[in-house]
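Pasting the structures here.
Two complexes, one shared chain (chain A), two partners (chain B, chain C).
Take a look at the complex of A and B:
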């Protein structure tokens, strides 16, 4: 009797764990960011990368649009999106803020040295704590906000050609 | 060209695997007790061809053949040859090839070395192991092929992430893989043991060296990863409870439990089914770890580019493995009535196992909890060091006491007739602890308990050593590992309590004094290098207590094209403590921001772990002389 219950329980637990893994596997690939759009971000307090100050909400209101890009030197896909960020740098109405995620300072600087620096402001998040407040799921991710700090779009994964065009269109409309 | 050779060898290996299974099943039908020459030859051929395959990939890295995607993405023609070679396994595809190699070589060596055991048991082990090998090779060939071509071939590669160009990290994956991929062989052996009813003592003898081997390598592998994190990530820490660190720790707990319960199985013929569970669990946890890391569902330093199909394949493989092994296990499980005296060595070893399983469950929960909450409630949580520290550390105190007393207990029925010496050692440790507090500074109650119990373990082990010497018994491996573990906990405890971190601003010529330190900003030099200029600060750290002086030279590097700054920490590793300084400039000011850290006993933390694994190797060499 006892052994039967144990058998049943083991199979149930194993199946449960495996199915959760399966769901989360699909979840990460079809991660939906629609719910975030239209929400306002608040309580910004990011440490500046090299200077002894913090980046706060005021800094995000300096321009019509702000793209907050979470990146790291150890992240391969970040290299893919970098050319698009550099192209966006020339957009006058867009402010690009980089958040260097769980990275070593010298490596981050080398990365920018090698590929170019697209950021108007650069913040650091050495332990990945502040990024949690932005709902950062993995690296790279980017959040496009407007002057009122409302999220227009969240990009999971590297900024693609399509995302690049999307951002350009949004800016043009204004 | 190299791509074709590689693909050909991979496909060939799948065919060899299938034929090994075919001939093995055929050889089960004949009545001889010998395994045919053809199977031996096939296994040798299999190992040779997979190694050749690996060397083909290494060759591609050495000659910088960027027509291979893997080489293009992870290498660069100007990279030092050492890192070109280590780049071979510094990426997803190459490291999976390393997986396949270890699976194959262990399969061949098991066949070769364990030749005193019955044919059926060995053949079944070979079959199961080859099923695993084929599973991985198919994954390698169709999903994560290291020999995929890129057309047209790029002229230059993307380069290996500079953070990975580190000697400790170059040897980290192979060592760790021998550990957790090596556990596959006792997974296979455990299933073979269930299927052929080859159990108890002989079974324990057939796998114990393999468990020791994988455990020792796993220990060293975890250490190299930790050393890398300390020097390269430069946050002054050495363990971050990162999901990947946890993934390497989980099988380690299972292996440690297994090493201990195997002793009971060998000596007393007890706990057979528990040993089987641990054998299965170790490898299942290894594959689970690989799944968590490679599928990208957890975010960590090791996350490679995400690819959901990759995760799906590993998960299907893992599910089949778990379901099959659970099914076979229950089919063969017979409940036995063990009569174990509650005061005996058997019980103490079981207690070790409870602790290990407790740690395992804690770390496993902490690691997968965020995945579960997200799937079930859409909440994102992050489990950090506070969780692990509060759950694990208090329990460690109890664990250390059992670890001190257990080894002295006798089999079957124990009596504590040495109560007097236990009390003396306990008082000795308490005294020692208060000497530390008196000489240096006081720390929390919990730290007191931890340090007392670790000293208790060290003293008890020393007493055991003396006893062994008296009895002319030179079986030191257990004592070596246990004592080193005591030291490890002690040094981590002292490191945690006596670390010092200070942040302040200084300009050249000034001196900052705090606690027992005086830090002088002596000089600032500008040096011009080939591709950068460096502002090198010269700091003198004077320890006022013993007047010892150290000089450290952190740098700010200025790269010209484009102009960027990098900050290089200066770490001075010493016998008793490490000093760590970074400096950064403050805009429009002569002042520099200085971050100073004192980390006591870092070197001894590393040495303790090396000695822990040394205990495993010692036992292995001793066992190597006997032929099981």
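Take a look at the complex of A and C:
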């Protein structure tokens, strides 16, 4: 009887270990921001890029949709997404807020002079403090939110053609 | 007079212990936060842009008087559970937390029964 129980226990333990490895090895360990979609953003307090005021929640409710784009002049991939942002500028239901991340003011101004300014509002995040509040971990990153400040989608890396189409479709549906 | 001196030193030590606790607390938090852009490194081990920013924000929050738990809750809310090395207890990870205790209990029972059986024999 005792030997039978030990055998059964050993079998259960081995089966458990195999299943744990099977499940965890098949699971992607890459960081994924999907869990953040559907969450409401709060505590927004962005310093305006050139004016002596802050951009707060009220400013993000001005339009049906707002795209918050974190960028910097030193960021290479930001140049790739810029044409798409410029195209999105013509969307009436979309407000684009640019957040200049850990950048020199003069470099940022030159960047926008060279490539064009797609932003309705421009903020600065000199030390990156506010980026944490938006769950940013590298730039470029963009967050599409609706009027209720709910995150509809988070774009990690430069906005691609696919992302551009996605944003256009979301706006169209409304 | 002696009593006053003793009280003075006790108070002095309490303050130094408090300061040490706060310092340890900060480093403990850094060690438990995953650097999301690094390979298997905590924020304490990394000097990346992301790690620097996270450290800055954690320092700010400690100065604001937030507790370790409140800081973890804030970061989990912003980045998901993946950011903490020690995930909070939830229905998806209850086995992770309870299994060591269960194994300990079962082991105890097995030893107890084996010893009792040997005694009977």
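Just a few scattered comments:
Here, the second predicted complex is superposed on the first by the 143 of 174 C-alpha atoms of A that agree within 3 Å, B and C clash if a C-alpha of one lies under 4 Å from a C-alpha of the other, contacts with A are read in each partner's own complex, and residues count from 1 in each chain.
One rule holds for everything that comes next: contacts are C-beta pairs under 8 Å (C-beta built on N, C-alpha and C of every residue); 3 or more make two chains touch, one makes a residue touch a chain.
What you are looking at is a predicted structure, and each value in this text was computed from that prediction instead of being measured.
Of the two partner chains placed by the overlay, only chain B lies in contact with A:73; chain C stays clear of it. With both complexes superposed, B is the one of chain B and chain C in contact with more chain A residues.
Look at A:10: by the touch rule set out above, it reaches chain B but stays clear of chain C. Applying the stated contact rule after C-alpha superposition, one finds that A:18 touches chain B and leaves chain C untouched.
By the touch criterion defined above, A:134 reaches chain C but does not reach chain B.
Applying the stated contact rule after C-alpha superposition, one finds that A:113 touches chain B and leaves chain C untouched. Of the two partner chains, neither chain B nor chain C is touched by A:57. Residues 102, 127-128, 132, 135, 137-138 of chain A touch chain B in one complex and chain C in the other. By the touch rule above, chain B contacts chain A in their complex via residues 73, 158, 161-164, 232-235, 291, 295-297, 299, 301, 303-306, 308, 311-312, 315, 318-319, 322-323, 326, 330, 333, 335, 368, 371-372, 374-376, 380, 382, 557, 559, 561-562, 564-568, 584, 586-587, 593. Put simply, chain A touches chain B in their complex at residues 3, 7, 10-11, 14, 17-18, 20-29, 50-52, 73-74, 76-77, 79, 102, 104-107, 109-110, 112-113, 116-117, 126-128, 132, 135, 137-139, 157. Chain C makes touch with chain A in their complex at residues 36-37, 49-50, 52-54, 56-57, 60, 75, 77-82, 117. Residue ranges of chain A in contact with chain C, taken from their complex: 2, 31-33, 35-36, 39, 102, 127-129, 131-135, 137-138.
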